[in-house]
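Two complexes, one shared chain (subunit A), two partners (subunit B, subunit C).
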Partner chain A sequence: MRGQILLLAPVCAVLLGLLVFPVLILVDESFREFTPGFIGARPHAAYTLENYAALLDPAYRFYFIETFWLGLLTSCLALVCAYPIAYRIARSPIAFERRALVMLLVVMIFLGTLVRVYAVLLALGPAGFGSAIVAILDTTLNGIFYTELTVIAGLLHFTIPIAALALLGSIQSINPRLSDAAQALGANRTISFVTVTLPLSAPGLLSAFMLCYTFCISAFVVPMILGKGRVQFASNLIYSRFGEVGNYPGGSAISVVMLVLSIGLLYLITRFINRWMTSL
Partner chain B sequence: MRSRPRVALWIDNASQTSAMALLVLVCAFLVIPLLIIAIMSFDARTYLGRFPPPNFTFQWYLRLFSSDYFLKGFKYSVLIALAATLVSTAIGVSAALAISRSSRAAREMMTSIFLSPLVVPGVVVGVALLLFYSELGIGSRLLRLVGAHVLITFPYALRTALASISAIPRSMSEAAHNLGANDRQTFMTITLPLARTGIAAGAIFAFAFSFDDVAVSLFLSDADTYTLPVALINIMYANLDLTIAAAAMLQVIFVIAITFVLDKLVGVEEVVGPHLN
Partner chain C sequence: MTKVERTGPTRRNVLTGAAAGALATLPGLRIAHSAPSTLDAITWGGPFIGATKDASAGFSQADITWDLHSGGAGTVLSKIKAAWPEPRYDLVAAWNPIFITMLNEGWLEPLTFEEVPNLRDVPDQFFYRDKDKQIVNAPFSLAGMFWAYREDTAPVKITKIEQLLDPKLKGQICWSGPNVNSNLQILSLAVANGGDENNMEPGWAFLERLAKSGNIGRVANNDTDLLNSMTTGETSIAFWNMSPFKTMSKDFKINILTRVPNEPGMKAFMYHDGWVLLRSSKNKQAAKDYINYFVRPDINQRFNELIGQGPANTKSKADGFAMHVSFTPDELKEYAYFPNFAVLAGLQDASLARFQTGILPLVR
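Coming up: the complex of A and B.
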């Protein structure tokens, strides 16, 4: 027992010292009065609710809605795009094809954030295919619509490999004989997929969705570079509060709201999923 | 009546074909942007022109290696990632040992508590640590960054170590105990050799995530001490040229090489397996 405590001491120290305590300071700062012109709250500034009241402004709500809505849209798209890859890896009879696809996903996961954001920026910008795509969609390069599209493409570039790898395990664990049986009993490939394989991969789909959604709602670099200031997520708002305006109390309040919303949302989704799974 | 199976067959073929088409499209979407920067990084024009480039040179690579700003960021990134990986792996392995010996209920609770840094958005970690460090008066930027990177990387080390330690049959360490080995000897001769692959994979993940972090590092860097991604973002904002494409290409080559080495050493499936489940 004493050994257990000794083994757990370092991880507890890091968690308390570098996460719990700093977050408590963050919460404290978010209730402090902000004096414009200063960087951060002045020492022993009075407590106030003003920083939170300011968030009720519709302009702020927009950032949060953008974050959670585009995140939801992207996560669903990522599942649709990732499923064929994962399925192919799990079921392809050609060993080379399986290995090549796994390698592709692993390389993607390990590639740096900035490399991929820059690649999407260049490919979808005016130097790449941007002008051609804009002409087809009948919109402009600097419009909100195309910027949102670029941000979604950027997020997808990250979430598709994550989702595919998460789905892979659960598809591999489905016995292929089940769909063989369905086909022997007269179902075609599509019907046996929809009625057998797809429902059995539900747990994998849900965990893949969770991974994608956590990635999207805390996304920072993707909207920062690809959003060009026109599409901004809550993370970017926090950064500009701290970095550009020096309004630490205001930025802290947004951080606390974001933390509560994202953890609360994930908790609700997990609970909903668990209940739904047990009711099946 | 006769046309029914035919319609069903048509729908079946159509949906199989469209699934295949989607697969090809998605792979193209993932790979083509990287091919574009690969080709553009050799562009001979001195400005950022349209793809494809008319002529090719190494000018952007030369410019990259003559940039002190870039090289310094690279040096700090390697330093910070190595330090963070070392600490994170030690913390992760010791916690994984304790968790693997616990009861099922305690194990589930501990795992979700210790993996909680993964669900806190990076920017929130960044601002919280910024406030915390200035409250505490920790001046050293390097120390600030290493602390932050330990916090964001140890869950990866813990998760992979736990997966591989849990996979060792309990009877093995019990046998060692019965034969008179103490805890330390059991760990060194039984657990560590058997869990080696998982621990190494966890360390690689920790290194990769530390090396790649932007959100947290951006808050804790200053003009003198910064990581490579922070340097790249600043270069990206400062000028729209192709030095970033050159830097990106070098990383792509490095990552592909690492992936092949990992594949030869442990098999690529080994690397992806424990990380995600």
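Coming up: the complex of A and C.
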């Protein structure tokens, strides 16, 4: 027992110092009064609820809803796109193919963020395929629908490789003979996949979804560049307060609200999925 | 007695070698002692950093490590605050509203004419002073912000602010974010509709109409956003500072709207850029030497030629592009506007909140 505590102590110290205390400082800052023209709360600034009251404006609700909604949509799309990739890798009989595809996914994750985002911006902009795509979709390049689509495309660029790698282990652990047995008993390939393989890969799907969703709702660079300043995530609101006007208290309030909402939402999703898995 | 021949080093050899080695390194030590010090400076990206490095190439008293503002110069304030009293930077390139905030925070080192003699050639009205009346900024560039558009892609020829609402301009306006350009873009709308820094409501009312019109295609947060947007043809009209318009004018016909008669909103909203030296700097002498070098007439002229702005040193000459904001005394009254940045700096936080709650939802 003593040994376990000693082993855990350094990690706990790091977590306390680099996670818990900064969050506590953030919470304290969020209740401080901000004086325009200065950076952050003045020393011994009075406590106030103004920073939170300001967030009751309906416009802020919209930013939070947009962040969570686009995050949810992107995560679901990422799973849909990543599952076939992970399945192919897991079930491929050719070892070279498995290794090559895994390496491709890993390389994609390590590509520079700005390079990828600007590549999407140019590819889907007027200098790239943007004009052709908007003609098919019957929309405009500067319309909000296309802007949101561009943001989703940018987020998928990051989340598909992550989801595929997260799903890989889960699919590999499913015995392919279970599917064979279902087909031997009369199920076709689709039904055996839906009733056998998919439920058994639910833990992997949940992990992949959590990874993607966490990435999406905390995304900053992708909405900042691809959103054209018109699609703004909560992270962009936080940045503008901290970075552009020095309103640390206001930025802290948005951060705290985002933290609470994110933890609450992820808890509910996890609980729902676990209940569904238990009922199977 | 048999003479024993010694092999290997002897004490005499070792001591002789050590003394020779010490003598040999002395010149190196002298060189190390007189090696240039290092300065950390931050300035804008885009055309600015290239021009700054070009102009600084002849400065040999210190090695300079460059960093770039992440968008507007205001973004450096949080970095300095977080690290104060030991921020990374010695020198910060900033402009009027940022000078004011830094003064409020008490971060700026005074500059005297004795230490920076070339500042004597900068007009007094461009200096900011601390509570002891000491100069705290070194202006290097006079500039303006104004409306401009790409003639080849803009659907209409613009001569009035009201034309920004023209339905033909759907998605064509690249609007600057609320804290880029210190909200001078809204001030231009306010002035066009009878307002000023102390009464920005006419500007906000017009901006609301503009947002609802669907004519704003992008909200840009930095020079790069603007350049990408206008050079790819995504948008064709913007209110911005001179530097990106000068860059674009090399490849596109840009119509600069600073001499538009009878349109108060289409003036040049004047400001200046300059260096400030942080009180925390450990290389103040080298930094002051650099400032003195940068404000020298020939260097100041060269730098401003590259970015298309007007030199702050009265002995320097303004080049072609800077003539857009170089006015005769008569023209100044009609075509130039000198904003009260102290008022604008105090409005920034409220402007950001109002833009995000009242305007952005309409731009969507």
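Assorted remarks:
We take it that the second predicted complex is superposed on the first by the 270 of 280 C-alpha atoms of A that agree within 3 Å, B and C clash if a C-alpha of one lies under 4 Å from a C-alpha of the other, contacts with A are read in each partner's own complex, and residues count from 1 in each chain.
Please note the rule applied: a residue touches a chain if its C-beta (ideal position, glycine included) is under 8 Å from a C-beta of that chain, and two chains touch if they have at least 3 such contacts.
These figures come from a predicted structure and were not determined experimentally.
When the two complexes are overlaid on their common chain A, residue A:Ile136 makes contact with neither subunit B nor subunit C.
With both structures placed on the common chain, the touch criterion links A:Asp57 to subunit C but leaves subunit B unconnected. Legend: residue contacts after superposition of the two complexes on their common chain; A:Ala127 is shown touching both subunit B and subunit C. By the touch criterion stated above, A:Phe242 is placed in contact with subunit B and with subunit C alike. Applying the stated contact rule after C-alpha superposition, one finds that A:Gly3 touches subunit B and leaves subunit C untouched. With both structures placed on the common chain, the touch criterion links A:Pro36 to subunit C but leaves subunit B unconnected. Once chain A of one complex is fitted onto chain A of the other, the partner contacts of A:Pro22 are limited to subunit B, with no touch recorded for subunit C. Set side by side, subunit B and subunit C differ in how many residues of subunit A they touch, and the one touching more is B. Common to the subunit B-facing and subunit C-facing surfaces of subunit A are residues 40, 122, 126-127, 225, 242, 248. On the side of subunit A, the complex with subunit B involves touching residues 3-4, 7-8, 10-11, 14-15, 18-19, 21-23, 25-26, 29, 40, 80-82, 84-85, 87-88, 99, 101-116, 118-120, 122-124, 126-129, 153, 156-157, 160-161, 165-166, 168-169, 188-191, 214, 217-218, 220-221, 225, 235, 238-239, 242, 248, 251-252, 255, 258-259, 262-263, 266.
If you check the complex, the residues on subunit B that touch subunit A are 8-9, 11-12, 15-16, 19-20, 22-23, 26-27, 29-34, 36-37, 40, 48-51, 90-92, 94-95, 97-98, 101-102, 110, 113-114, 116-125, 127-132, 134-135, 147-148, 150-151, 154, 158, 183, 208, 211-212, 214-215, 218-219, 229, 232-233, 236, 244-245, 247-248, 251-252, 255-256, 258-259, 262-263, 268-269, 271-273, 275-277. Here subunit C touches subunit A in the complex through residues 70-72, 74-75, 77-78, 80-81, 100-101, 104-105, 170-171, 175, 177-179, 216-221, 225, 228-229, 232-235, 345-350, 352-353, 356-358, 360-361, 363-364, going by the rule given at the top.
By the touch criterion given at the top, residues 34, 36-40, 54, 57, 59-60, 62-63, 121-122, 125-127, 140-144, 224-225, 228-232, 237, 240-248, 250 of subunit A touch subunit C in their complex.
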